[in-house]
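Naming follows writing order (A, B, C, D, E and F), and every chain is counted from residue 1.
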Amino acid sequence: MSKVVAFGEIMLRLSTERHLRFAQAKTLEACYGGGEFNVAVSLANYGIASEFVTRVPNNEIGACAVQEMRKMNVGSQHVVLGGERLGIYFLETGAGVRGSNVVYDRAHSAMSTLEKGTIDWKKALEGATWFHWSGITPALSENAAEACLEAIQAASELGLTISCDLNYRSKLWQYGKNPSEVMPELLKYCHVILGDIDTAFFMLGKPKVAPDYNAIDQLPKWYNELLDYIPNLKVAATTLRCSVNASHQRIGGLLFDGKKIYQAAVREVTPVIDRVGSGDAFMGGLIYGLLQYPNDYQKTIAFATAACCLKHTIAGDYNLATLKEVENSLDGDSSGLVSR
Amino acid sequence: MSKVVAFGEIMLRLSTERHLRFAQAKTLEACYGGGEFNVAVSLANYGIASEFVTRVPNNEIGACAVQEMRKMNVGSQHVVLGGERLGIYFLETGAGVRGSNVVYDRAHSAMSTLEKGTIDWKKALEGATWFHWSGITPALSENAAEACLEAIQAASELGLTISCDLNYRSKLWQYGKNPSEVMPELLKYCHVILGDIDTAFFMLGKPKVAPDYNAIDQLPKWYNELLDYIPNLKVAATTLRCSVNASHQRIGGLLFDGKKIYQAAVREVTPVIDRVGSGDAFMGGLIYGLLQYPNDYQKTIAFATAACCLKHTIAGDYNLATLKEVENSLDGDSSGLVSR
Amino acid sequence: MSKVVAFGEIMLRLSTERHLRFAQAKTLEACYGGGEFNVAVSLANYGIASEFVTRVPNNEIGACAVQEMRKMNVGSQHVVLGGERLGIYFLETGAGVRGSNVVYDRAHSAMSTLEKGTIDWKKALEGATWFHWSGITPALSENAAEACLEAIQAASELGLTISCDLNYRSKLWQYGKNPSEVMPELLKYCHVILGDIDTAFFMLGKPKVAPDYNAIDQLPKWYNELLDYIPNLKVAATTLRCSVNASHQRIGGLLFDGKKIYQAAVREVTPVIDRVGSGDAFMGGLIYGLLQYPNDYQKTIAFATAACCLKHTIAGDYNLATLKEVENSLDGDSSGLVSR
Amino acid sequence: MSKVVAFGEIMLRLSTERHLRFAQAKTLEACYGGGEFNVAVSLANYGIASEFVTRVPNNEIGACAVQEMRKMNVGSQHVVLGGERLGIYFLETGAGVRGSNVVYDRAHSAMSTLEKGTIDWKKALEGATWFHWSGITPALSENAAEACLEAIQAASELGLTISCDLNYRSKLWQYGKNPSEVMPELLKYCHVILGDIDTAFFMLGKPKVAPDYNAIDQLPKWYNELLDYIPNLKVAATTLRCSVNASHQRIGGLLFDGKKIYQAAVREVTPVIDRVGSGDAFMGGLIYGLLQYPNDYQKTIAFATAACCLKHTIAGDYNLATLKEVENSLDGDSSGLVSR
Amino acid sequence: MSKVVAFGEIMLRLSTERHLRFAQAKTLEACYGGGEFNVAVSLANYGIASEFVTRVPNNEIGACAVQEMRKMNVGSQHVVLGGERLGIYFLETGAGVRGSNVVYDRAHSAMSTLEKGTIDWKKALEGATWFHWSGITPALSENAAEACLEAIQAASELGLTISCDLNYRSKLWQYGKNPSEVMPELLKYCHVILGDIDTAFFMLGKPKVAPDYNAIDQLPKWYNELLDYIPNLKVAATTLRCSVNASHQRIGGLLFDGKKIYQAAVREVTPVIDRVGSGDAFMGGLIYGLLQYPNDYQKTIAFATAACCLKHTIAGDYNLATLKEVENSLDGDSSGLVSR
Amino acid sequence: MSKVVAFGEIMLRLSTERHLRFAQAKTLEACYGGGEFNVAVSLANYGIASEFVTRVPNNEIGACAVQEMRKMNVGSQHVVLGGERLGIYFLETGAGVRGSNVVYDRAHSAMSTLEKGTIDWKKALEGATWFHWSGITPALSENAAEACLEAIQAASELGLTISCDLNYRSKLWQYGKNPSEVMPELLKYCHVILGDIDTAFFMLGKPKVAPDYNAIDQLPKWYNELLDYIPNLKVAATTLRCSVNASHQRIGGLLFDGKKIYQAAVREVTPVIDRVGSGDAFMGGLIYGLLQYPNDYQKTIAFATAACCLKHTIAGDYNLATLKEVENSLDGDSSGLVSR
């Protein structure tokens, strides 16, 4: 039985309703999410045991975050209480020619001030088979980067499969270190990564590259170079996104298994209800595919891409598409008929 | 003066707001509707006297359903009170690649437990010129099927024009009979039917057929076969729907008058606000056209198709497009200018 | 330092939520707006000092309108209190094949009963460099037309640049005079006008014309004729709108500087959140461009068009796009990426 | 079989939600009501046939008002279409020490510009046994006062019982006439009036009086004087209201039948959900009692008072308490148990 | 370590907002609750391990109910999927003189059609120390009564403490049996019951009694008689409720331990936000007290009463007051200061 | 002409709707407020020129706070942009026996990290006659305390009247200093203070005292002692609050002018819509009274108390009662009649 433990920050998300601008909002919709938590929710939805490890403040807002984990069937046994505040992000959902806008208010959060040694990883990883983290945690603070390394090393020692969503955010990484000073040490334990090739190279401190994703034949070259830097790497995947406008995306995906490239067909995704978290939905689908279709990378990348597409139609941070809905959508059917 | 009497179930519809999934909903929008009632509302909106006959429980929820009839200018003089509950259906409105989802909770409803002999059809049909029913009522229960036959026979004896929307729903028909055991007897009194050719053949217990609606020339053959089975049939019509995705439909229509096929041009319908009830809007437009443009089948099918398209932009079960709006849209203009 | 004074009516706008029809609405969204006010808001958003002159009733509803001016950083020092009521308009926002619907309830408003001599224009225009009005004010009533002329003449004497958005609305002009009896006298002081060539000719009482906006070469002929009628005219501009449906518009723009035509590329605008006020957003962008890019008509028309496009994604009467957002959009990028 | 025809204005009511002030409201709740219409709704709720005669504009807002009549089971066959606008009133619901605030925007309404001769009263009163009007209509305009007289005279000629709620509103009566110049002629046909004694004297142009409602013995003297002025008067009633604060009222009632005073015990009404229309609820209860308990004035005044109390707990303009609820409350039981 | 297992029905509750009547509601608030589930939530809130056993349909609505259990930290491992529908109840929350109104739509629910033998009680009660049921389950159907007996007997065999809230609802018990034919057999295993003495006598088929709760001295007589009928009974408790009106309750409590009466002081509870479930809050507090203050019946009844009072201020079916809030309120302090 | 400058923090307030608990909230109401800002709003509402000085982050959330200032007619010319975040507080509004609950998330706010020297007080106080601050600012951080002292000294040098609301909050003062180490230096410049006598003694580092506010005769003794410590003190005032429960308060006030005590009668305030900010409303009323009724301390304390009472009926942080409403309420009339 697989069990996935994800580690990262859960935030209070405050979004305006119906495409209103911040200045127009009298009410904000409150939900809870974060890159790694969203992956855990996806997996729980698909029936995979999942656990989320994080730190939340010991107040009513932190309690709401834990309640959300329970509600979504994500284990919260190893959540640590402490710190001053739950990270917040404000979201103004765009439409058409106007993009969405995120205002971060996550500095000084319980997670960003988490210190190495706080979590008993032996216990937290007991029974787990997979560990997932993302490039957001080491981007928060030096503390968080160290805590992340500690977690990864513990997972490695226990022989877990380790996955990482690179998730580069230029507005983070404000504490005086560049990704290339931090990420190589963390990535070297990873077996699965999700992210653009150029982001991976950038985080590894390699010269800037500009792969052409339409030239499939040339991609293995880049990925093989990645393999040189990340010795444990088994699978690297990328979401291919073309943003026609904020309400219309074209989504595809590709996966490299060390030998060849597997591609999922590009789909039209319109209208977009909420694209935040769609990358996390891809990641959740990727892990699911690798666990459930171990010899079928084609199905795996198709599943991840279908999950990502469905997430765009669902409000909130995480993907609520069911396993059956993703499976029904694997063949690219998007006709959206009424089920009755 | 025409007067249409429709007979069927009115339900409480509980839908999530703004494309939320059921699991996200803290509030549900409550409205009232049902296939045959929606037809009655369309006709009332166009200025045709219409009456709805049904059975609702003698409680506050049943009273709300009757209030809705009055509000929409649909006669409710012959509604019967009784039974345990009003049927309910839950609706989660999809978007893009995610289809809408209906959860029925209509078993044991006042309508499904209605017994033959409960309604005084002599009185209920007094002054009426047209009787409308659909394939949903005989699908509810054996009782309801018998009550439906009773109504149709009364209408037939009184010389009314009789129309039926075949409305096949596989989730119904759970009481041990197949459509082909029930529908032929009911359909034989009909003058007007709406539905796909294959659905009609299926309900009549005929071998499975697969007409190609693009091959217009071949359609009369099928329709003529239908005429053999339904001797009174004067007009058969079909909505042509291509579902690009849940938010984008292509809608056309065709009508056979016993001699030739009349077609309405296919239109792009996007975005879709609410497609539930769009078939009923087509049916309402069809009856209106047959009543008001008696010699103009081309205009009739254009009217029905335009009504159906407009319904997709209107929330709720029934079509609130006005006569003027449908007429303005007959020529296929969809430019949607601001009227000011 | 530029300072723009706009003069016109501010109304209470009551709109149904989420595309509901009037008959479905239990709540109405209340906001405040009006053609000329919307222009003042746009300019204030871009950092240009702007002032709005109008008359509102001395009651709580009038006070709300003034509060809105302050909130949007538009000067309200010269607003006059008086009259019976604030004008109202009801708005039902369409979608797809169903157009939006406006019901005016603005007769007998404080602005339409404003009499010449009520406003001390010397004071109101002190420090101003630009005066903006539109064809709506003289369409309200004879009083309002006279008050408008008084304002224009005062602005002219003080040497201000004068702009007019022709804004022809056939549902107004109900007081017994045709535009051609009123507008020529008002337009003759103008330096900048926004409107279709045929509307301008109509308002000037000239024979009906039907320019082909695709035949750019032929447009200068028409504009030169306009110059004959409006001696002070320096710049004439037009929004080019193709309405695919209520949720999908194609927007371009052109500007004539007395010598040549400058064009902004046509953009796809879909979905439309709210198109009311998009013409005012164009006007605001036009004034901004003329003020800030005095020698760059190409950039000016691009700015006005980009502002107009962005407005379609913003709920309410006026444009809340920031200067930076319009500038980022100048090159036609509509990819709507998330800013995070 | 009794049938009551009420004549007056129906308005669009726009109220802020949850005790917000106008300046805080982004949405307004829209409902329809008016003194005389509210009476008609009460009677329809109690099972008495009722009809409302008024004039509404021929636009979507007027259509909503008519839809409301149908929904509430009030006849609308004789509603006249015409005029410029539907009257509006804005309501800010107070709480505790802060009173509610009404801003009228009803000038120039379809009803206030209604001219004598517009309504075919012969037809409108066909089959009716009772005619109800109030002091609001003659307060609107000279036109409306004349139209009101015409209606009353027609009712009188047809032998209907005529009732009037005096409803003095100092913010109305703005057209140059005092109540005492208009009301005596209208009141002289009345059989039933509701209002304070001092209001009645004031409207009749009599010297100011100040009855002490605690000195029951002295009240017949005043009422007998009223009888002198209003020869047809059979029953005069008064709501006794003590306003502890906006959320706490004490409500009693008394009735004079030409011989003696009947009193309903005073009740505590707290909290108040919505007190607007509670006088109309009293009037509706009074007519119901006079019709259904013809020999029981004690029960009649108790019914009217109980109806008034219940209305305070119901949002909107009119009383939605059912006949059974009022009857259950006749004995003064206010324990408000859950019915389950 | 205590662990409580509760068994009963969880329903979808659909309530109107802000005291609206059913006929006014366009949206209904959806939450999940039921007498026994509410007890389980209370206990989970206080830190007691609790588990809920029920049957829900295998559809999206049933899944929402299970999600609610998880969210509230109530175990759902032994929930059985099956049946046609989730029971529903509609709630119209009263105010002041108008009582709340419940419309049940729970017939044919998954729980009411549950058959004996469906639940593996050995497993479901593993590790449990307490079993709670209520008089609602045997009131649903013969099936449910049998399933309830089976559960109680299993709990008894395993030596659990058994508690019952009598919860008599006259609208239930529609399947042909009286409580006195069913309840004695079920009650005989109970150690703790909550309910009025007269209800207990009625359910046991004893002659009607009318105890005076103000005559404390006389109560032991009645309770001792109960002990004769229910041999295992250790504790009997009663909520004392005086309903001033729907928004104002006076709440006290008393407990008999087989020897003497313990009383909690009566408190004023006003305003009432939601009184549904306040009895369940009392029951939850009672079990908590008996578990945590085993030798302190005075504190136990004070805790139960304080919990009940606090529930009246909390929307929804179950009590969300925290352990600390109830404890702070034990001394009767109701000053409701801001905590900041 | 008076002009008041207030200095302090403006926060984003996020409150649950309709008495929901945090765990139930899907949406939060967003408004902006803070002790000193609320005072500035009160004064602006009464027609006194007021200006607010603070620091907000240079992002969209900070911009919303500034927009709120403009909307409320409070000057924002000297607001400084900078810092990481806007302070937030979460509010759960209690009812009856359940108190409201505030969760602060204001650490690291733009205001708490403001450094001395950032604001040009010469400019900011130009034209001002009064400076207001509160005990919250020095409670935030050492930085903020120093910046506060700088402001007070500048105001003192310019000869402004200086007022302080002591506003002791035990959850603040977390930076290592006690009030008594900081406040004496700040208070010594003050002319007007609002707060309990015991709080004042505590902040001044004096021995704990427990004045009996019912023993009016003994109060001058305490106040005279305060005068010894605060040499410039002219007026000391106190709100007298008795909290019956969270929805029912009794509010009085008293003022000492250095010679005698002036008292405002105690009023019943029920229901309470929102008590947060009611102390600020008192402070605003106190300053208004001192400015407008300079020789009438009795009227001043009555005005402050009436303002405080009215605030309890108004949602949000600041008082929206108008000057006229407070004046009408001066005599203690709380009958809350409808104004129409």
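Criterion: contacts are C-beta pairs under 8 Å (C-beta built on N, C-alpha and C of every residue); 3 or more make two chains touch, one makes a residue touch a chain.
Keep in mind that this is a model prediction, so the values were computed, not measured.
Novice: Given the pairs D-E, A-E or C-D, which one repeats the contacts seen at A-F for over half of the pairs?
Specialist: Selected from D-E, A-E or C-D as the counterpart of A-F: C-D.
Novice: If you average the CA coordinates per chain, which chain's centre is most distant from that of subunit C?
Specialist: E
Novice: Could the interface between the copies subunit D and subunit E be described as same, meaning over half of its residue numbers are common to both, or is it different?
Specialist: Under half of the interface numbering overlaps between copies: different.
Novice: Could you tell me the distance, in whole angstrom, between the mean C-alpha positions of subunit D and subunit F?
Specialist: Computed value for the inter-centroid distance: 45 Å.
Novice: Which residue numbers or ranges of subunit C touch two or more of the other chains?
Specialist: Answer for subunit C, listing residues that touch two or more other chains: 18, 23, 26, 67, 101, 271.
Novice: Taking the complex as given, what residues does subunit F use to touch subunit D?
Specialist: 18, 267-273, 309-310, 312-316, 320-321, 325, 329, 334-340
Novice: Touching subunit C in the complex: which residues of subunit A?
Specialist: So the residues of subunit A in touch with subunit C come to 18-21, 23-24, 89, 94-102, 104, 169, 171, 243-248, 271, 275-276.
Novice: For the complex, which residues does subunit B have touching subunit D?
Specialist: That would be residues 67-68, 70-71, 73 of subunit B.
Novice: Report the residues of subunit E in contact with subunit B in the complex, numbered from low to high.
Specialist: 14, 17, 22-23, 25-31, 59-61, 63-64, 67, 84-86, 88, 90, 92, 101, 103, 105, 107-108
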